[in-house]
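Next up: the structures, one after another.
Paired with chain B in one complex and with chain C in the other, chain A is shared by the two complexes that follow.
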Partner chain A sequence: MSTDHNFSVVGKSLPRSDGRIKAVGAAQYADDIFLPGMLFGKLLRSPVAHARIKSIDTSAAEALPGVKCVITGQDIPKVKYGNWRLVPESQDEYALAIDKVRFIGDEVAAVAALDKDSAEEAIRLIKVEYEELPGAYSVEESLADNAPVIHDEYHQDIPNISLDRKIEYGDLDKAFAEADLVLDDVFTVHATSHAYMEPCSCVAEYDHDGRLTIWTSTQAPYFVQCLLASTLEMRENDIRVIKPFVGGGFGGKMEMRPWEFCAAFIARKLGRPVKFTLTREEELATGRRRHPMRIHSKVGFSKEGMLLAKEFNVHLDGGAYNSMGPTACFLCGNFGAMLYNYPNYRYYGAHVYTNKPPAGAMRGFGAPQALFVAETQMNVAAEKLGIDPVDIRLMNAMETGDEIPGVATISSCGFKESLIKVAEMTNWREKRKNLKPGQGLGLGCYSFISGGVFNWFNTRYNFTSAEVRAFDDGTVHLMTMASDIGQGCDTVLRQILAEELGLKVSDIRLTAADTAVTPQADLGTWGSRVTLMAGNAVRKAAQEIKEELFRMVSLKFDLNVIHDLRCGDGKIYPANRPDRAVPFGEAVRMAQRAKRGEPVIGYGSYTPRNKGLVTPAFSFGAQVAECEVDKETGAVEVKFMTTAHDCGTPINPMSVEGQLEGSVHMGLGYALSEQFIMKEGKTLTTTFLDYKIPCAEDMPPGISVHVDTYEPDGPFGAKEAGEGLVSPTAPAIADAVYAATGYRCMDLPLTPQKVLAGMNKI
Partner chain B sequence: MSLPQFTFLAPTSLSEACALLEKHQGTIKIKAGGTDMIVRLSHRAVKPDYLMSIKKIPGLDTISYAPDTGLTIGALALLRAVETSPLILENAPMLARAAHATATVQIRNMGTVLGNVCNASPSADNIPTLVAMHAAIVASNGTTEREIPIDEFFLGPGRTSLQANEIAIAIKVPPLAPKSGVSYQKISPRSKVDIAAVNIGALLTLDENEQCQAVRISMGAVGPTPLRAKQAETYLTDRKISDETLAAAGRLAAEDASPISDVRASREYRKLMVEVLTTRALKEAYGFAKN
Partner chain C sequence: MKKELITLNINGDDHEIAVYPWRTLNEVLRDQLHLTGTKLGCGTGDCGACTVLLDGQSVSSCLTLAVEAQGQKITTIEGLALEAAANKDLEKCELDPIQESFIAKGAIQCGFCTPGMIMSTKFLLDHTPKPTEAEIRAGLSGNLCRCTGYNKIVDAIADAAEKISPTK
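Take a look at the complex of A and B:
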């Protein structure tokens, strides 16, 4: 952490503000909510991958005792929705299928009953007649001639490409012609599950005033509010979305989803509260997932190892709907050329519909895929050019002040320091030369964004805002729509506010993520935006309070205008006369009295402006994986992970550490064992027995260090932590496996069987 | 997922339990720890009218050892108890290894070894070692007991040779002959806590000349029931143990395996793993037998 800045609360490993309530089991998640008269909902999902719905007979379900409501696509407003409101034609989902089903799991009908068993039983009694259509289950099948058209109303040049993106700068043809080494490879990367601990759940209630309240396990209450309003044909402000405690999201809970709509719709129809909670099997069989991609990457180097050009063609296997695919398609192009100076770059990304569960946002959001490719090719180039993989990266690495064409200037960058640090910590150069048989050492790096700039949701509000109310007992109340889904922003935002106002964390009451009482708006928890954006808003709100209190204190002390005032230790004092301190509460009392009783309230907001189109700040890091490969079974064991990363100022180092360990866990599963095994659109790995997420015992030991940087655009120098780091793990492990076996993986995951096949043993 | 409706029975004696089995034939299921049965119920993989817990029957959780008859592991002995029992660690440490390899500690604190056996899953962790070690299942119908050799116990996935009115009350493992060694080997896609994609149990007994006097090899998850690697056993018997003969035995075992391709592994990979793990198991068993 930075030693130049003398912080008293920021930079401290304070315990989570939600730690105790979770540890004692008292935290209420959506499924813990029980309201009087509440009904239990269940969704009927399509058993076929692509079909027209010919008829639905709900009579038997409706006749079942205990069943209070059955709805189908015929009962709901014909309003499509999707997060990309900026491009209305990209909104391609109905909450319940109206004309067609497009994947196994597509929601067809919903039931609400007095108990869960009756709801489940009723679902089994609904008869749906399907006219099955041929399906397309891969990018290749969807783009083939005469492929089935998945969305009939789309009229693009290529029917199943929902949208594409191009980036180009420099002169590629010239650069490739001058390159001494050109790598031209096709990679495939696979889908993985968010596997959040809490399956999706919500409870909706419609009051006698005609207003709707929904408690839902979401990362983005504001998105849910807006999209419920449009699909229910209600006014936004008549809908209140409350985020209770949430057990993880990782990108999988940042859209309005059919159960939220159905709970709200049925609650409004019946005037009774309705709860929907998904099962783990539903989550794994039908839930959002990381985008599988086919990536064709051509990259040119000079013989000295300088990057000259890159051509990056990406086809995203998007599944049946757009979901957050457009953003992944957009960002993948940026992640393809973010870490190094690519003087000449061309990107083409296409989002392809297939008859599979839709892929959505997931931790890293295009970066794990793009960087698996970019980092693997760096390692290949290093070997072919006879340069150490650390050195070839140092040669090309981004630095503070570098500009990414058309994106932004990097305002802080600790990439080179991270590289040097991991090389030192692992004794990289020596160790690589002295590997025993079966041992491997591999390197992967990353850069990531700290929140997005591009307003695809088309919000009319600031990206985030905060209100702070100060009280004369020395406490303050922070109100923000920022959503803690387990990542710890409730703690971090308190730390930022406490630091700014010179208070203790315990002096701060927090109300968060309730669209009816916290200030409009916050776009949600995704893209590593909360610490930087909401943190900046909180700081600005606090600065308003400070300014008001400083005026009062200045008046009282009869200070000369040039006197500096400080907040600290619960007091306000002249910088050179700390003995003349006024307690914070007393300053509030003075301010309130001077305004004849008006409360002291500060408001702050943040919207990135003049930051290009991608992000206000970039994080960086490097990671070394030490592995052992059993050459007879192909099993890869990761023995140790070493990480050096640049997240600016870690506001709470303990939280950052937790994020980093979680990233290694997710990266490990992505690299080695997690995958959806599918057959003609059907997910076969629908339990944790067969969906191989690493268990606690599979986690390797590791060490991580923060590289000391200060991000000028972040609150107290902070920027992204813990999302970018999901990216370097797979290329680092794959590189270590190459060192151990000679097998260069270009097709994740590295299952034992693939490793043996790569060694030509099977 | 919720459980379907059934009547829960909890008899307190073996005779009562067997009478209930007799009475509700075809519509009753037995549960010990319940770690498999409850999941199967909630998935509607089984739909019994009656679920009978045997947990209230006294005396079924014992683990005992006698030098002449060997180990007896009661039907209610927990996986965790077998994993940590000093008697087992001393007299049959591979049974403890197999129990340890089963699921997670939470499940091992509820599930039983005999439940894992009676569940008759082809990939069960505890079966291959027991097969290798000549175990026998003690079945009771409330009045008489019989011992079913483990080779005759498994009929197919989830199917055993227990009669409708019988309860498996214990498993017996005879003492090892002198100069014998046992091994349990397992591979799965996720390294540590996982269901086996292939597992192998082996028992090797040496004669005075350090040649193989007898060998039993059991292969899991490569057929509908645990399979014996008969060709490898025949080949190795009366043969000198060397890296070459053990490798050859591994190859022969792979020939005897009839795995399918599924989400856990392909047929080809499973066959190759039978070869690798059989050789490893024999090598380890040989190491124990020599000392």
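Take a look at the complex of A and C:
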């Protein structure tokens, strides 16, 4: 693969291809779709956290004028679902509760009516008799003796632990015995909401010929297709999932959800289109969220600052169902071993059921939690050992070729450069010595995956694929199931294709994320997998086209076989004879003639193989937060954020910057302002007035620089950008608050109350 | 309670519609008239995705009753791009400078907050043609965005302000 950085389209800050349609208000999101005869759906949710359903009476709802359908768990196939198809036992959800409800908000019944008002009224008329059961609302309560068993039928060695994971290498006991400094701390981290701006929505339509089409706000059309097929007892090919424009996901839209099932089920039953759209209150009160965790971390250092051992025990508060918890449990153990070389490491992670809304995948997926702990302990160790926090990290930092035994090998790595860069940019060493009262400077670092190599979904297809059709007018059509949910992959994949074929982005038409027409398959948008994986598939498809066109050009000029051919400026030409250029479209025409009318089509796929257990490539970075703490109120103000990051080749630097700035926003909210206030399983923070995501005035100024690396496994050297960077912000801010106040936060979020209590002011 | 027959002037067009008195402007725009450029992000006036202009004043359409909007000039994102909407060939027509700046400066990611952001910006720049960065941030404080971290939106607004009222 070329490491030539003379790209013509890649590396350019092109405006996104869907900017204009979004700016004029013409982009259609799922709730913007109105079909003739469409009904409006509404879900009835459980008002109690743990109960047996004794009876449901839907007669009054059914009698209400305008109501066309009412369904409960008794009406649907008794098929459980979940993303971990590889372990069928882990699939623990019914679309509508059949036996028990397990959290406040668990879906119990669904209604479809002529209008929204009637649907809402009908929901109020359904009478459900519950036999309430004791609930467990925290890891401690769920693991206590005599705790209520939340899933009675799911075999578990320890009640309420749905699954666990262990990693171990080295000799921990020996290493801890030899350590000069051992830190042994318990941290707690909290749940946060994805708070994507577009509430979940879908429209389902049945075509009376056995096929169901659903337009849904999803990150993973293929997951929805497969799981709708199994739960509706239909064939996968009878389900067509189309992703319209999606208003953000951040991990919260990567599963099949009950409203998708209900819309599809009712559309099939009645032969009419049905739409379900959640309210923000439903999203915040019942929606998926980031895993709260209790993390017991013991780390040993030599007096010189070398890491000797780490024992990492994590209990994930998973809520009522597995959701994506198994993956978070898996990844948390990997992230606990990342960034630095831990010669001896032991991880135990347990996913614990509680009677709360399920936690799922969320931006960072185990990393924000694991790295808040790891980075905080690095800062504590640096202070105790009298070593600069930058230096202790440089001493232990991973670099290319390092291994987590049996788990991962580090390929491209700009971690040390990132550390050196942020230290330079912030004048770290000097500034730390000259802080004014109330001022603090803190450091946090991260690493993240560029997609996963694991196949918990048990797909029988390649992980991603692309088809490219070339036309004799000089254009190409890219078809891919990769899902743009706002992050910009439609633009990035077009840039990759344009670069490979020597075309302009405007020469490329794109059809994406429609399971009936885009090539099988793609696992969706999560784990920062799209640029690397779909990008590689697009390149391979383009390379097939290139080979075919090169043959034509070679034939036309009767070229010696040693000639190297190139694509560029819309032409194909021998590298050393650019005068002998054939326009791209003409080459396509020649190829088609040669094949007597057959079209020119390229196909490419990508599945990571022999890439360890985690990912083909890791991103890295470091961040410094400058904060001021008001010692009277405990309020923390972030004054400036400095970031250096390594994402390989940025395919679109403006898009990468947007991802990084968005990460700082989410990291800031995680550190300071966002939290669910819960009472016995009930979420009390159900509006954006109470659940506080940062607004424009809350955002600190900042600067970020890119550390130049080239990832050999990524398209044109690219890897992850914009997910990993949610992780360093909270530990960096917490470290700055410690520098300012002497209060070391080990329990997120960093609220003013905790800061004041930490300073012994309250 | 009975429906009322009302006339709403939206983007220069009169629409005669029957509505319940409790129906919000957002419900009428989206559900009845299918003017879906205006979004609904929360329904409680916190996120700003539903922002429209009433006689030039920015309001949350989810908190405004449709009947209240009678007799006023309602402008939605589709109206701001009216020439664009009227012209079948979207690529060739001109947009409002705010829309152009949002596109060029990377201020759009998922795009769900974008219509509301742009309408709030329209109100801001109509009343404060040369806003400082602090004024821009304050002008956006009723509009939430989860993707961008706001910085590129702030840049876009400064860029649009310069285009609309160039510094001499």
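Everything below uses one rule, namely that the second predicted complex is superposed on the first by the 758 of 762 C-alpha atoms of A that agree within 3 Å, B and C clash if a C-alpha of one lies under 4 Å from a C-alpha of the other, contacts with A are read in each partner's own complex, and residues count from 1 in each chain.
In the analysis below, a contact is a pair of C-beta atoms (placed from the backbone, for glycine too) under 8 Å apart; a residue touches a chain by one contact, two chains touch by 3 or more.
In this text the structure is predicted, and so the values were computed from the model without any measurement.
A.B. asks: Return first, second, both or neither, reflecting whether A:I677 touches chain B, chain C, both chains, or no partner chain.
C.D. replies: It touches chain B, and chain C stays clear.
A.B. asks: Mind working out whether A:P752 is in touch with chain B, chain C, both or neither, as first, second, both or neither?
C.D. replies: In the superposition, A:P752 touches chain B alone.
A.B. asks: Regarding the shared-chain residue A:A27, is it in contact with chain B (first), chain C (second), both, or neither?
C.D. replies: Touch partner of A:A27: chain C, not chain B.
A.B. asks: Between chain C and chain B, which one touches more residues of chain A when both complexes sit on the common chain A?
C.D. replies: The partner with more contacted residues on chain A is C.
A.B. asks: Given the touch rule stated above, what does A:E120 touch, chain B (first), chain C (second), both, or neither?
C.D. replies: Only chain B is touched by A:E120; chain C is not.
A.B. asks: In the overlaid three-chain picture, which partner chain does A:L689 touch, first (chain B) or second (chain C), both, or neither?
C.D. replies: Once the two structures are laid over each other on A, A:L689 reaches both partners.
A.B. asks: Under the stated touch criterion, which partner chain does A:P199 make contact with: chain B (first), chain C (second), both, or neither?
C.D. replies: In the superposition, A:P199 contacts chain C only.
A.B. asks: A:G19 contacts which: chain B (first), chain C (second), both, neither?
C.D. replies: Touch partner of A:G19: chain C, not chain B.
A.B. asks: Scan A:E697 for contacts with chain B and chain C and give back first, second, both or neither.
C.D. replies: both
A.B. asks: Across the two complexes, find the residues of chain A that touch chain B and also touch chain C.
C.D. replies: 116, 279, 281, 689, 693, 695, 697
A.B. asks: Contact residues on chain A for chain B in the complex?
C.D. replies: Interface residues on chain A, with respect to chain B: 116-117, 120, 279, 281, 632-633, 635, 637, 673, 677, 684-685, 689-690, 692-695, 697-698, 751-753, 756, 761-762.
A.B. asks: Over in the complex, which chain B residues touch chain A? Could you list them?
C.D. replies: Residue list for chain B touching chain A: 1-2, 104, 187, 189-195, 263-266, 268-269, 272-273, 276-277.
A.B. asks: Note which residues of chain A are touching chain C in the complex, please.
C.D. replies: Listed in rising order, the residues are 13, 15-16, 18-29, 31-32, 34, 116, 194-199, 245-248, 250, 279-281, 485-488, 654-655, 657-658, 660-666, 687-689, 693, 695-697, 699, 702.
A.B. asks: Which residues, counting only chain C, touch chain A once they are in their complex?
C.D. replies: So the residues of chain C touching chain A come out as 30-31, 34, 36-44, 46-47, 49, 76-78, 80-81, 84-85, 90, 95, 99-100, 102-104, 106, 108-115, 118, 136-138, 140-154.
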